[in-house]
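You will see two complexes here that share chain A, one where it goes with chain B and one where it goes with chain C.
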Partner chain A sequence: MNYGPLVFLAAFLALSGSWVGFVVAPNFQLSTLQETNTIGAGVTYPLGRPGLAQQGLQVYRANGCVSCHSQMVVQERTMCEVSLTDFGTNFVAVESALRGINSNYNAQVINELKKSLPKTIVFDTTKQKADATVKLINQAGAKAQVVVTPSGSDIARGWGRRRSVAEDYLYDDPVMLGGLRVGPDLANLGSRLPDVNWHLRHLYAPQTEIANSTMPPYRFLFETRKIGSVPVAEPLNLPSGLVPTGYEVVPKPEAVALAQYLVSLRADVQLYSTPFSTPPAASGSGSGISSNAPAVK
Partner chain B sequence: MSQKKSSPPKGGPRTVEAGYHSPPSWVFPLLSLVAGGIVWLVISSGFGMVASIKFHSAGFLADFEWLTYGRVRAAGSTAFIYGFCIPAATAFALCQFASLSRSRLPLPGLVLIGTVFWNLGVLVGVGGILGGDLSGFDHLELPGYSLPILFTGFLALGVWGCLALHQRENSGLEIEHWFSLAALFWFAWILTTATLLLHTFPLRGVAQSIVSWWFTGNLTVVWMGLAGLGAVLSLVRKSTTVVNRNLGLFIFWTLLLFGSWVGIPAAAPVPAWMPVLSKVFTALLLVPVLGVFVLLARSRFRFIDGQGSGFAKLSAVMFVVFGLILSISAFFGFEKLTQFTWFNIALEQLGSYGFFGFALFAVIYSEVPHFSGFAWPFPKLIKAHLALGAIGLILAVLPLMAAGLVQGLDMSNPTVTMVDVARNTLKFLRPATLGELFIGIGHLLFLVNISFLVANFARRKATVLMARLHFPGAAEVQS
Partner chain C sequence: MSNPIRSKAAPTSPQQEDLASLAHVPIWLFVLLFLLTFWGMYYFDQNSGWFNVQVYTPYRSVAELKLYQPPAGGGNERGKAVYENICALCHNVDGMGKPNQAPPLVGSEWVLGSPTRMARIPLAGLAGPITIKGVEWNLAMPAMGAALSDDDLSAVLTYMRQSWGNKASAITPEQVKAVRAELSGRSQPFTSDQLQQIP
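Coming up: the complex of A and B.
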């Protein structure tokens, strides 16, 4: 018997299954992805990068920066905490509620607590338990709130406040998530290092900004020329010894664009798909979130 | 191993003392496709060395824009995959199909067109990458404008392959033919999809990354698995044919079914069902891998005697090792440790070089003498290449895997700064660079052998042509 057509059909079905699953279906699901509103401020997110930063994305692509840097923050889990924000007036009721939560709360500890609000009273619990605690505290006349904190080694390193989600890359083309971290993750580089000139100096001579860095220099993005030969917008302020006397280092447009792109890398707004809360500020107002979303006021 | 003269091929050209059978006109273009591939192989190891040295001295060649690390690395990997792997595997598939028929095959010009266009496409692509036009997509760094040239070349080769297959004498196909045919077909499919959705009509946002991961997984697991196993299985001695046929079909189908979903990393910022599904299928890849192990065990690990049998044995072992590590790494949260580390680079190298590269070396060393009618001019260099390749692979892969594990442990500890994470891997990268040097020297020996073989072939062809010009009436043996 000739099994040829059967083998062909079986192979075709197996392969088209993966094509439908990982090419067609994701496109159906993600092609309708829209800007969303941030939690709290309620502003539109994401906004396209400014023009110069978009040119910088192309410089990032052209020099294969993605070989050594990823742009996605990994979150291992989410922790819930309860923060007491307002003690209220009914000391006895709140005291008994707090003792119900933790038997270590005696009058002295509670008095200390009362002086330094807001204060975390329950650490690392589940959402259900945190909600129940908040309810108990509120019934006693005090005020408490649940604080949601993403955690993981990336977040502990300060690479982001939450995991990366599909929305963060909506307007990038190409999207370069990267698969190897020879250097740090850059998803929130602009939040950590917002100074364009720092980036220019770092691109010219990485080791002057980060001791022992293994990053190669990108001096071809700069021009070294005699001082006074051409009127200059902004020479780099480099440590002495790097440039011969009488010369100055001027970033080419590519370098400026790349630096602008690097500072535009900020994906740290609160979204409904990745909730996290900012710990309540002492003043009790303002979300205190820094992001690339414009402030609306 | 110590075979000095070429044995006459079945239905193909041969060297005969008395007269000269001029080889079919498709032999020379296919031979030049292979030889061109080996030139790209040497170029890729050159780029690989430059990229590797940059880890030991960051300032090395740093002031040349076109030699910056990201571009050189991309150029090296492109030269290896698109310059060597794809044309060499395709040439082998076409030889396989052509050998099924004894009659004169039509349109040999298609092979020539395919060879020229493919190499032109790779040249334009690698040049574009060095010039800063790389796409930013892993395993498809080729600039968009080089892809239509490549696709034209591949189409010409693929069409000729189908014509040759159509002219075969027996309607039934061996298992290895199924593997090679599916590899041709699937490569055209994934390349078209990736070209259209990443370059021509680019998708929005992370949908690009998903298609890019899908392409990478299908290229490095399914395509390489199919084409590589097609090559290795053609060299396995068939003792228990019936059992092997059913088992072979089982491996074939499960590799397609499970392998084609591999590649979406667990941490990807995409809807959660995709990494989960990908992980499940990666684990299931254990099934075809164990199938290959059983098949090799049943054939008692015996390969057809030929100059490439050493490479074939290594390649078969590497496939099982690669597949086992890949599928087991889907369990036990192993990916959490190895994500974003050198471990994945090492694993990929084990698959694409240890398994796939060696499979191609095996068939090239074993089959080229049959098809060209010329023995390898320097048989000792083949042994040297095997030794250098094996030592180089061990030196390149094992330290890199260790580097990945150390890097993963360091990265999970936030008190270790990123500079220290990178510095702690450097001592492992040194032997890896040495391994790449060994591999590169092996490639040079390979190039020497193929160059002299092609020169011998061309000289004979020229002599015959001259003889025909001078003595038009001379008796000539036509195949």
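Coming up: the complex of A and C.
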């Protein structure tokens, strides 16, 4: 019996099936993706990267940065907390409302609580329960609000406030998602480390900025020149010992573009698809906005 | 040469061998397949978000995503959007108006006063001299709000009454609808005196 047509049909179905699944369906889903508005401020997002940063993307690509760095923050779940922001005046009503939430709230605990508002009164609950709690508190004349916090190991590492979504890559061609994390995720590098000169020094000599870094230096993106031959606007401010005396290190245009690209990596605005909220600022204790940056020396 | 496997089996006639190849697929396999398919469809239904482009893990549906959206926070986003698209061209984004173009809305007695009086201005327009905060203006405003829906118009009127330090009651879509019904057929803009007679 001639199995040729059958084999052809099976192969055709298998290949066209995967083509539909991997190419056609995502195209249907994402090809019409546009800029969107951020939640809260309502500004357009994303804006295209500035010209130099766009060139930097090609430098990033050419130097294989993507083989050690991803640009994709993963979110595992979303936590809801309830934060008490204003105690109001009706102590008895608020007290009984708080007791209803947690029987450990006695008058003494509540008095302590009252002194240090805003204070989280319900940890890690569902949105429905958090909303119900807020309603209960509001009825007692106090004010509370729900704090929505994305969580997951990437977010715990400080790599971003929320997960990455398709809009974040709208203007990137090609998208530098990356698949291996020898180094940290860079989806929000620009919000953690917004200093271009830091990136230039780090590219020239990574260990001067992060002691235990395993990143190789990219010194071919820089030029070591004898001081005085050509005037230079901005030589690198490197620690002594790295450069022989009488010489200076000057970034080539590629290095400048790459550093501009790195500081342009920010994906931390709130979109409809990635809800989160900033916890209420503590009155009189600084800005209340915590940085997601890891400790930088 | 005889096949050792075949020879091990009981010597059979050709008919019996044919019968063996026609053995039925066991019924439990169908049941298992059905259950697996059912579970697969259920899982898809629960977790796919129906391929909506806004739904990402860990969210599983549009409804769940909507639940997590922050409260509007008293912010009248709709009114703000309409205002900045239409009204702000003349009255300015900050509601302070522009000289020789449009009077201010901030603190204006016409904005803070009666809702039905205020709603008449965008629905039919306003012409002729009018005194606002002690200053006389003599300009013409076309019926800029006539084409807006009741929801949009009430949102933008509320936005004017409650922004930039203005503090007045909100205007509901029903109020706008009632005024619009009263004005049906009117083509003339209001004058200051006519508006004064509106309660």
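The rule is short, and it goes like this: the second predicted complex is superposed on the first by the 281 of 297 C-alpha atoms of A that agree within 3 Å, B and C clash if a C-alpha of one lies under 4 Å from a C-alpha of the other, contacts with A are read in each partner's own complex, and residues count from 1 in each chain.
The rule is short, and it goes like this: a contact is a pair of C-beta atoms (placed from the backbone, for glycine too) under 8 Å apart; a residue touches a chain by one contact, two chains touch by 3 or more.
Remember, predicted model here, so these are calculated numbers, not experimental data.
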* **chain B versus chain C as contact partner of A:112, first or second or both or neither** => neither
* To do: Considering only touches as defined above, state whether A:183 meets chain B (first), chain C (second), both or neither.
  => first
* Please work out whether A:166 is in contact with chain B alone, chain C alone, both, or neither, and reply first, second, both or neither. => both
* Asked: A:67 contacts which: chain B (first), chain C (second), both, neither?
  -> first
* **Partner chain in contact with A:35 - chain B first, chain C second, else both or neither** => neither
* In the superposed arrangement, which partner chain does A:148 touch: chain B (first), chain C (second), both, or neither? -> second
* So which one touches more of the residues on chain A, chain B or chain C? -> B
* Would you mind listing the overlap between the chain B footprint and the chain C footprint on chain A? => 29-30, 33, 76, 163, 165-166
* Structure fact -> Counting only contacts in the complex, chain B reaches chain A at residues 54-55, 58-60, 62-65, 68-71, 73-74, 132-138, 141, 171-173, 178, 182, 186, 189, 193, 197-198, 202-211, 213-214, 218, 222, 249, 252-253, 256-257, 260-261, 264-265, 267-271, 274, 277-278, 336, 339-342, 344-345, 407, 411-414, 418-419, 421-423, 426
* To do: Enumerate the contact residues on chain C facing chain A in the complex.
  => 51, 53-59, 65, 67-70, 77, 81
* To do: Over in the complex, which chain A residues touch chain B? Could you list them?
  => 2-4, 7, 10-11, 14-15, 17-19, 21-23, 26-27, 29-31, 33, 61-68, 70, 72, 74, 76, 153, 156-157, 163-185, 206, 210-220
* **Complex contacts: residues of chain A adjacent to chain C** => 25, 29-30, 33, 39-40, 42, 75-78, 127-128, 148, 163, 165-166, 270, 272-275, 277
